[in-house]
Amino acid sequence: MIAAQGVWKFFGDFAALREVSLEIAAGSTLALLGRNGAGKTTLLRMLAALSSPSRGTITADGASLREPAQRRRIGLIGHGISIYDDLTAAENLEFFASLYGITAPGERIDRWLETTDLLRVRNGLARQFSRGMRQRLAIARAFFHDPDILLLDEPFTALDDRAAALLSGLIRQAHDQGRTLIISTHQLREALQLATDVAVLDRGRLAFSGPNTEELKAAPEDFYRKYTETA
Amino acid sequence: MIAAQGVWKFFGDFAALREVSLEIAAGSTLALLGRNGAGKTTLLRMLAALSSPSRGTITADGASLREPAQRRRIGLIGHGISIYDDLTAAENLEFFASLYGITAPGERIDRWLETTDLLRVRNGLARQFSRGMRQRLAIARAFFHDPDILLLDEPFTALDDRAAALLSGLIRQAHDQGRTLIISTHQLREALQLATDVAVLDRGRLAFSGPNTEELKAAPEDFYRKYTETA
Amino acid sequence: MKSQSDWIWAGVTAVMMVTALYLTFVWVPMERTMGVVQRIFYFHAPPFFVAAIAIVVSLVAGIRFLVTRDFRFDELAVASAELGLVFESMNLATGPFWARPVWGIWWTWDARLTSAFVLWLMFVGYLILRRAVDEPTQRAVLSAVLTVFQAVGAVIVYLANRLWRTQHPQPVIAGGQGSGLHPDMWLTFVFCTAAFMVLYLCLLRHTRRLERMRREIEGLRRTVHSL
Amino acid sequence: MELLRQAWAIARKDLRIERRSKEVVNAAFSFALVVLLLFSFTFDPTGDQVREMSGGLLWLVYSFAGVLVLTRSFAQETQNDCLDALVAAPVPGSAIFLGKALANTVFLLFLELATLPVFTIFYNVRWEAKMAWLLPVLVLGTWGFTVIGTVFSALTVSVRLRELMLPLLVFPITVPALMASVQLTTTLFTGEPIAGDLVWLQFLAGFDLIFTLLGVTLVETILVG
Amino acid sequence: MELLRQAWAIARKDLRIERRSKEVVNAAFSFALVVLLLFSFTFDPTGDQVREMSGGLLWLVYSFAGVLVLTRSFAQETQNDCLDALVAAPVPGSAIFLGKALANTVFLLFLELATLPVFTIFYNVRWEAKMAWLLPVLVLGTWGFTVIGTVFSALTVSVRLRELMLPLLVFPITVPALMASVQLTTTLFTGEPIAGDLVWLQFLAGFDLIFTLLGVTLVETILVG
């Protein structure tokens, strides 16, 4: 279980997150909603231990997120693809394998290149890949060390169709395997289809958080408007 | 009228656009559709005279697009906001006014800052603006020299709600004033609502181009799939 | 894909180079003051002239590309520049071996030597820039523009020599005093220059072809990947 | 005329931004000082020996600090894709080029005049009467350097390893201009009669002219492709 | 041990990338040559005068070329937001730092060994017997320079004017190490007995140690904030 207690994040004097307290049960899929600048990315970056809260604490099962043991559990898809253009597809995965202390990754690498249909270009430079291929490689990178907490920041924007199909498949699968997913997005309907819980950020405040319900799925827009009207 | 005749665009030997011939009547609103990597941005950039076709010609009312007279008629919203962070809102517009040879722009600047609701921060540095404000300023910049040809490359992605509302208002207005609009987008429904014409790019080929019709509006997805199935 | 003409070229080049070696080391009379080291001369100056020609070829090809946007000219430009680097390196490398016995030092920053080094650096800069641009059309355009600047720059540098006092011998060709070469030396010198010129042309055919293949592979790969 | 108006509009924009943030000039000036510092640490500047190399030292400092300013020149335009807006605007590439070159020259001259006194103190160069001659030397030398630097700044703007590439391309071509400037400056510092070196001044003028024309004609190709 | 394994993984990645493209080292080496060219305007290398400053010249070249390599070090990680993936991975910041520093040191040593012969030819440095001593000097001097440079490369990675900032921050701090290296190198070049200068070698070692420890402890704060 991931628990954020009274988390504030300041950029200078500007509070990007105000007093956010949130508990995410293991195995749940949280849809993190909010208009632009609401603080979604900021929150996700802190959950990924990429930045630390100005105030408050974030813990995973009671332990600090900066602990390697915790970070090993986390998989992240951010705005960038986070792969090295001058390494081959295989080398990219191999490198991250070594970072995550995965020994003898060969077989696993091939399996993931298989899944993302990049096996035939196993030894091709990422620089020479088309955009879609790079995105698929990035997805492989994120799921590679099979993390049981997945942080996805607007994963579908600018994704080409095939990559999108691949990703949504993996997301559903991860959910069925009882992994925890936190997905920030602007696409209400799609998000609410697969979410078990919903959280809405509004100008850094947690405007709503609770389980996903039928009436939410029925009329997402109204619900969303209700909690972001303040702006 | 904008006419593209047999336009090819090569990046090396890779053809991003193949034999694209397209006529856009004055006053029409063209929805430029196509999946990622189809060539929308490439085409728009050439229409904006930001790059030149490898083969074929693009003319506006028979004249080359690189001619200042033609470029003065064009307004562009690309992926970047194209404003200077270290200039104030007013100075930004003033600068572009001077580029477009607009003399005594003061009154017009205030009018546009009014429209975009930035008048109160007239002399504030763009750097200090919130993201939404910057986007609104960018919109003002694009419409400022009232161009009668507007090129919008996925203008609504990552736009915050207010900016989006502002833009769609301006687009509708521009259309009513008989200006020519070319809008590339992934949002079929929204696009087809306001488009008079539709063009679909598929891997650099012009898969479809023609007037927008009721049945298209009725079932955009099927139509779209029909012409991009090849991938 | 070796064509017959390739073999002819290779043959002619080989013969001329061997003859050049013969003339240089056996036939031509020994220079009085400098002795045997002077024979370097025949492999020292000619490469420079070839390099100079290589620039001109790059320049013309580059301009032709900008006008026609035909990648064949881009290939020619690169190929010629690559060879230019090779030959200029030869001129640069042989110089010090001459300087050491004659001047007692490997190098001095005299204008002529400096200009040679500058020329070499221009070739290097050109090739490094090309490797730093991924998109072939952009690469071709940028490097073509660069060539124009470098060619003009090279000429200016070269002429600036005339303004500076230099320890280095004055040009034999088009150079006022000090051009008193023994006719046999002249012959050898001219022949060596011709030999290097032929070598350049022969290699040019191959480097061009190589460059074309490179670009075609690049294009095919992108097309395949975009499927 | 129109061309110059547009160029001036662009130059004014850069100057205004710089006047506001003072970022580049400040940083470049401090950098120049650091370079001076390094020089003085690596070899103690004493005696006439230094006077003979003073001109060279000065222009070394100018070149290293200058090239960093030039790298920024077009790079900053890419921040919000401002360059697209510039190129799409009804101004010829040559106007953009001239405007940028003008602004850069102003920046560099500022930098040079600010560095000069510090330098003369550091290396106790005696201040001669005909130092007035230094001004045309600085102007001509700087313009030549800037023109080439500005073109290449545009050339390398979308290239990998920009910050490494620019000096690599700029310096070899500017060598003659630099040499001439060094020559002239040293003559002035050592207090020898300038008369004999006037040919270098003419050389500089010619150099500047040639490359300004080249830049004006070619920059459009660089920007639009 | 684990720390070193992870550091090595990161260093290997950088080395592999470089071995493939050779971009940085090539460019940096050419840049070093350009700097040598520029220096020649200033220091006419005839006579012993240059021999006394040869060490200084050499390390100036190394510093200018080196700082460009260092700027790239973390900057390239930001290309596809790779840095995020690195920091999110279960490796401590110190591992990232050490790995990067290691790779950079290798690059710079390559650069230095490649430049050395050219330098000795261009500036007529006679080749003495005890040149073997040069190696430890290079290694220690370079490590000190790289360690500081790598930390600041991380520090300035998201800063405007990166390419200007880095030298500004790095050079002043590294001056002591540079001076020591210069001193030692000059002694070797001029062929004087090294014995008297061994203290400088110890100084370098201490310098490296201190800043390595500082880097290891502070880099986590820099990266995560």
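Quick notes
Per-chain residue numbering starts at 1, and chain names A, B, C, D and E are given in the order in which the chains are listed.
Everything below uses one rule, namely that a residue touches a chain if its C-beta (ideal position, glycine included) is under 8 Å from a C-beta of that chain, and two chains touch if they have at least 3 such contacts.
These numbers come from a predicted model, not from an experiment.
Common neighbours of chain B and chain E under the contact rule above are A, C, D. Across the assembly, the mean Cα position most removed from that of chain D is the one of A.
Just count the C-beta contacts per chain pair and the biggest one is D-E. Distance from chain C peaks, on a Cα-centroid basis, for A. Chain C and chain E have centres, each the mean of its CA atoms, that are 34 Å apart. One finds 27 Å separating the Cα centroids of chain D and chain E. Distance between chain centres (mean CA atoms), chain A to chain B: 32 Å.
In this assembly, the C-alpha centroid of chain B lies 38 Å from the C-alpha centroid of chain D.
Multi-chain contact residues of chain A, defined as those touching 2 or more other chains: 130.
In chain D, the positions touching at least two other chains are 160-161, 165, 168, 171-172, 175, 179, 225. Residue positions 114, 118, 121, 124-125, 128, 132, 134, 137, 222, 226 of chain C are each in touch with at least two other chains. Chains that are in contact with each other form these pairs: A-B, A-C, A-E, B-C, B-D, C-D, C-E, D-E.
Note for the complex: chain B touches chain A at residues 35-37, 130-132, 157-162, 231. Of all residues in chain D, those touching chain B in their complex are 6, 9-10, 13, 16-17, 20-21, 79-82, 84-92, 224-225. Residues 148, 151-152, 155-156, 158-161, 165, 168-169, 171-173, 175-176, 179, 199, 203, 207, 210-211, 214, 218, 221-222, 225 of chain D touch chain C in their complex. Chain contact summary for the complex, chain B toward chain D: residues 48-52, 66, 68-69, 71-72, 74, 76, 78-87, 91, 95-96, 98-101, 125, 141. Looking at the complex, you find that chain D touches chain E at residues 23-24, 27-28, 30-31, 34, 37-39, 41-43, 49, 53, 55-57, 59-60, 63-64, 68, 71-72, 160-161, 163-165, 167-168, 171-172, 175, 178-179, 182.
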